[in-house]
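Below, each structure is written out as structure tokens.
Each of the two complexes below includes chain A, the first together with chain B, the second together with chain C.
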Partner chain A sequence: MAKNKTPLLDQLESGPWPSFVSDMKQQAEARAKNENNVEYQIPVDVVDDLLGVLELSYVDGETHWKHGGIVGVFGYGGGVIGRYCDQPEMFPGVAHFHTMRVAQPGGKFYKTDYLRQLCDLWDFRGSGLTNMHGSTGDIILLGTTTPQLEEIFFELTHKMDQDLGGSGSNLRTPADCIGQARCEWACYDTQDLCYQLTIDYQDELHRPAFPYKFKFKFDGCPNCCVASIARADMAFVGTWKDDIRIDQDAVKAYVEGDVKPNGNAHAGRDWGPFDIAKEVLDLCPTECMRYENGKLEINNRECVRCMHCINVMPRALRPGVHGGLSILVGAKAPILDGAQMGSLLIPFVEVNKESGYEEIKNVIEPIWDWWMEEGKNRERLGELMKRKGFQALLEAVGVDAMPQHVSEPRHNPYIFWKEEEVPGGFEMDINAFRKRHLR
Partner chain B sequence: MAFISSGYDPKSPMENRVTDIGPRKYDEFYPPVIAKNKGKWLYHEILEPGVLVHVSETGDEVYTVRVGGARLMSVMLIREICDIADKHCDGYVRWTTRNNIEFMVDSKDKVKPLIEDLESRKFDAGSYKFPVGGTGAGITNIVHTQGWIHCHTPATDASGPVKAAMDVLFDDFKDMRMPAQLRVSLACCLNMCGAVHCSDIAMLGYHRKPPMVDHEYLDKMCEIPLAIAACPTAAIKPKKVEIDGKTLNSVDVNNSRCMYCGNCYTMCPCLPLMDKEGDGVVLMVGGKVSNSRSAPKFSKVAVAFLPNTAPRWPETTDAIKKIVEVYAADARKYERLGEWAERIGWERFFEKCELEFTHHLIDDFRDPAYYTWRQTTNFKF
Partner chain C sequence: MEYEEQKQLIVDTLKKKEKTKSKWYFSDLAKILDLKPREAKKIVTKMVEEEVLVFWSSGSTSMYGLKGAGKQSAAEHEEG
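What follows is the complex of A and B.
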């Protein structure tokens, strides 16, 4: 028998899509029965009360969670989000309901023995509810009490070789796409770069020293499956420098209808026979392709590597072999000054495992120095770039301006000339001027 | 329940402390076929909705069965996922960026029993636990935020509207009849933890009333200068108030300048702004993150406000369904929703989708607004 009546939430149990309400209810029931005799370290009815407080929000149309309190584990400034219910007497099971962010493995690959260990820990010391995964990428352990935080951290680090993720004004847990692990388009090893930078910047991740949050995301190609270009203060997007690899026989197979285009992604409808002109050549943003006498030609110098032709004919076309990445900076969601997309800062950098990714760190660290020096409290990198101008960023990183940095040159001549750029400097002699021009 | 120590000693927290070890290394968890063929994949194909094959230059193949799921997930369900992965996949499983779960097997004959097992599992009340789908030119899982389940600033719930929307869109999770992939997302306030600002269709929780001021406690609970500085439109200024004969420091909110972002509330709990009538959903459309064909695009506001009609948000799901159907019928192959709207023109978009265009949809927020006004005589009647 459920502890709290939830007539509104119950209506979310019908329909085909997996019901989180049904899942929460089975978890609540399992805790109440406790067939495995778990010595629950937080209230047994935590899930019942979470259903109760959520039902109350469905009635009230308002949340019932208070601001985060200052809770965490010793020595870290992130990884734990304090959370308290604003109706603790009605729902004592969730009076304290803190979140822990657990750093996820690259590509979100798991072995079941690891997951089972995590489940046992979270059953025992938390609510048994998770997010797989949070928006930034962490495993989210949803709901525990303050005394359990250190205990959970101790067990994670000692028994599972596992650390917390980021929160607050620090480096947030970096996230990557599936990359070369199972994708033919990845131009670099997203998982290794993500892992190595995460390890090398553990201090920045755990101890808030930044003006605000800072996100790294790693996409293996310009399809941007982890949305780095829209979501990361620094987006690392795979690209290539040489020619698209072509298998002319496979091109012919597409043209002759032997292979379905786009990896068969359009199989749900009859779109008619494949038309290489209509579906590939005409959709190329730079019109750099032609198909004549059964041969596909690409003017690679004019290609901007948008991926469309490769997406449509994955068996015939592949990115070049000289892979690397582009770095775009300053993306963020709208609050406060409107959403920002990442802006291209470094068109191409080699991804060099042997150097410990030094070429990439040589971009990251000057940006952090500049942002920590110039950024205001709670100012994202993208906002600082808007306030100080793109040129200030270029100077901070030591990169020369190039046409690739803009979609078009400026519309106005209000150039902030540097004094040393103007012959004779800014100091002019008014008396000499007046000798030439009478008052 | 007796407290059981992990071994941690609160009196000497630094003793045996392990810190800064990061996540587990990715390759500890690679299935053997992935470990062996990393960087060697040649191409992929979608065999049926939710089922992919990737072919390696070594001749190896990996078959992936993708299933949807709620991102809010109990350990009971995760253990069930582990049982399935142990039974069919040698104990390996992964999640996608969009909260789908992927089961991988190394030969074709293992696919069918895996699918049958997954599709046979249902919750007691009837919904699927592991519906197979979410690939190609269809609608995959909705990325979303916490909502009323766990957040202090939401203007709508997250898990509820997502469940309601995916029930409505379910057939397209299991099909690939769309002109291109269609990405739906939800963020429960404009902090946009879910980064809905570049999605084909986005539900965004939004407040519509300026904050209340809890004068009596404000100076005790908040740093007034931080609350003032938090406002992007300079709508907040310091104010002295008289309460019970005492003069208290507080703030004044200029309602006409407020854009209800809630940033002040994040800095100061004495400025709450949530309200049943005020809060609801903004529907945004036409964003994308891929660079394919055209540059990444921001989503645009298509419907300024829809109410929080719990538990199933019918106004919101109806509007989404309508947009999806018109797009599916009208767009060209490969054309993303935003590319389609730009080609036909936004005036046609509103006409075809039978959405009312109101003054709320013309940008008036700072410089970028100007660039969205029409500066040409080219328009459609």
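What follows is the complex of A and C.
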């Protein structure tokens, strides 16, 4: 029998989709039964009370969580988010209900014993409720009390070789795609770069001094499986410098129907025979492909890395061999000014493990310095770029403007030149001028 | 300025406004110290290590406060 009546929440279970309410009820019941004889370190009825306080919020039409708090593990300014209920007497199980963020393994590769260990720890010292994964990509453990925080942190770091993730005005837990571990399209080793920058920027990850959150995300190719271009203040998207590799025999096999397009992903319905013109050539955004006399040709200079042809004919086409990455900056979700996609800052940079990714860090650090000095409180990098202009960003990073920075011809005819940008400066010889132009 | 003086400057400034303001942005502290952010961070981090300052987090934004200052500590049944 449920501890709290939840008629409004119950309604949510009646829809056609799986419901988080059902999951919570299942967990509440499992904790009450305690078949594994866990010595719970926080109230057994934590999940019942969570359902109760949520129901109350639905009745009242307002939240019953207080805003933030002073909790954390010693020396860390992120990774723990204080959550306190403003009705602790009514719902003592969630009087403290802190969130912990755990850095996810690179590419989200788990072993089952790792997950079991993590869940056992969370059943023992927390509510057992998790959010796999938060939008930043990290593992979110929902609901524990203040005295448990250091204990959990000790277990994670000493027994599981695992760190807390980022929260608050920090570098957030960097996230990457599975990369070269399983994907032939990855143009660089996403996991190595993600791991290395996570290690090198521990101070930024754990000790908040930024104006607001800052996200790194690493995509191995322009398919952007972790959506870095849409979500990361700084997106590292794999690309290639040379030509798309073409296997002409495989192209022919697609055309003749011997190989199914899109890795046979659309096998659920008969879409008719494969039509290379309709399904590939005509869909190329820059129209840089042609298929004549059984031969596919690509004008690689015009390719914008949309990946469509490669996705449709993966056996025939592959990214070039000279891999690297593009850096885009300023993407964010829509809190202020609406959502913003990343803007291309560096079209191509070598991904050089041997140098400790020096070339990439040389872009990251000036951006941070600029944002830390110029950014207003709670201003994302993308908003600062909008306020100050892309030119200010280029100056901060020391990058010259280039055609790849331009998405369309100017619709504003005014250009403000600085004196040092004009040959000879603003000073002029008035006598020489008057010889050519009478008063 | 030596570290002890910088620490005192922050403590004095924060104490003076304690009644009306208990949480400060990092940029406020950098301004008090009149230092560039990277330099200010070293001082502030040390003060957190010495438990003079504490972190406050809403989850999305982080702030700093004197340990024990403000309503939050009492309201949350925290010590100190």
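Everything below uses one rule, namely that the second predicted complex is superposed on the first by the 395 of 439 C-alpha atoms of A that agree within 3 Å, B and C clash if a C-alpha of one lies under 4 Å from a C-alpha of the other, contacts with A are read in each partner's own complex, and residues count from 1 in each chain.
We adopt the following convention: contacts are C-beta pairs under 8 Å (C-beta built on N, C-alpha and C of every residue); 3 or more make two chains touch, one makes a residue touch a chain.
Please read these numbers as outputs of a predicted model, since none were measured by experiment.
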Considering only touches as defined above, state whether A:75 meets chain B (first), chain C (second), both or neither. both
Looking at the overlay, does A:348 come into contact with chain B only (first), chain C only (second), both, or neither? neither
Taking the superposition as given, does A:209 touch the first partner, chain B, the second, chain C, both, or neither? second
After superposition on the shared chain, which partner residues are touched by A:167: those of chain B (first), chain C (second), both, or neither? second
Which partner, chain B or chain C, is in contact with more residues of chain A? B
With the two complexes superposed on chain A, say which partner A:18 touches: chain B (first), chain C (second), both, or neither. first
Give one of first, second, both or neither to describe whether A:372 is in contact with chain B, with chain C, with both, or with none. second
Have a look at where A:67 lands relative to chain B and chain C in the superposition and call it first, second, both or neither. both
Applying the document's definition of touch, where does A:390 land relative to chain B and chain C: first, second, both, or neither? neither
Mind working out whether A:291 is in touch with chain B, chain C, both or neither, as first, second, both or neither? neither
Could you give the residue numbers on chain A that contact chain B in one complex and chain C in the other? 66-68, 75-76, 99, 203, 377-378
Help me check something: in the complex, which residues belonging to chain C touch chain A? 25-27, 36-38, 40-41, 44-45, 48-49, 54-62, 65, 72-73, 75-76, 78
What does chain A use to touch chain C in their complex? 66-72, 75-78, 80-82, 84, 96, 99, 146, 167-170, 203, 207-213, 369, 372-373, 377-378
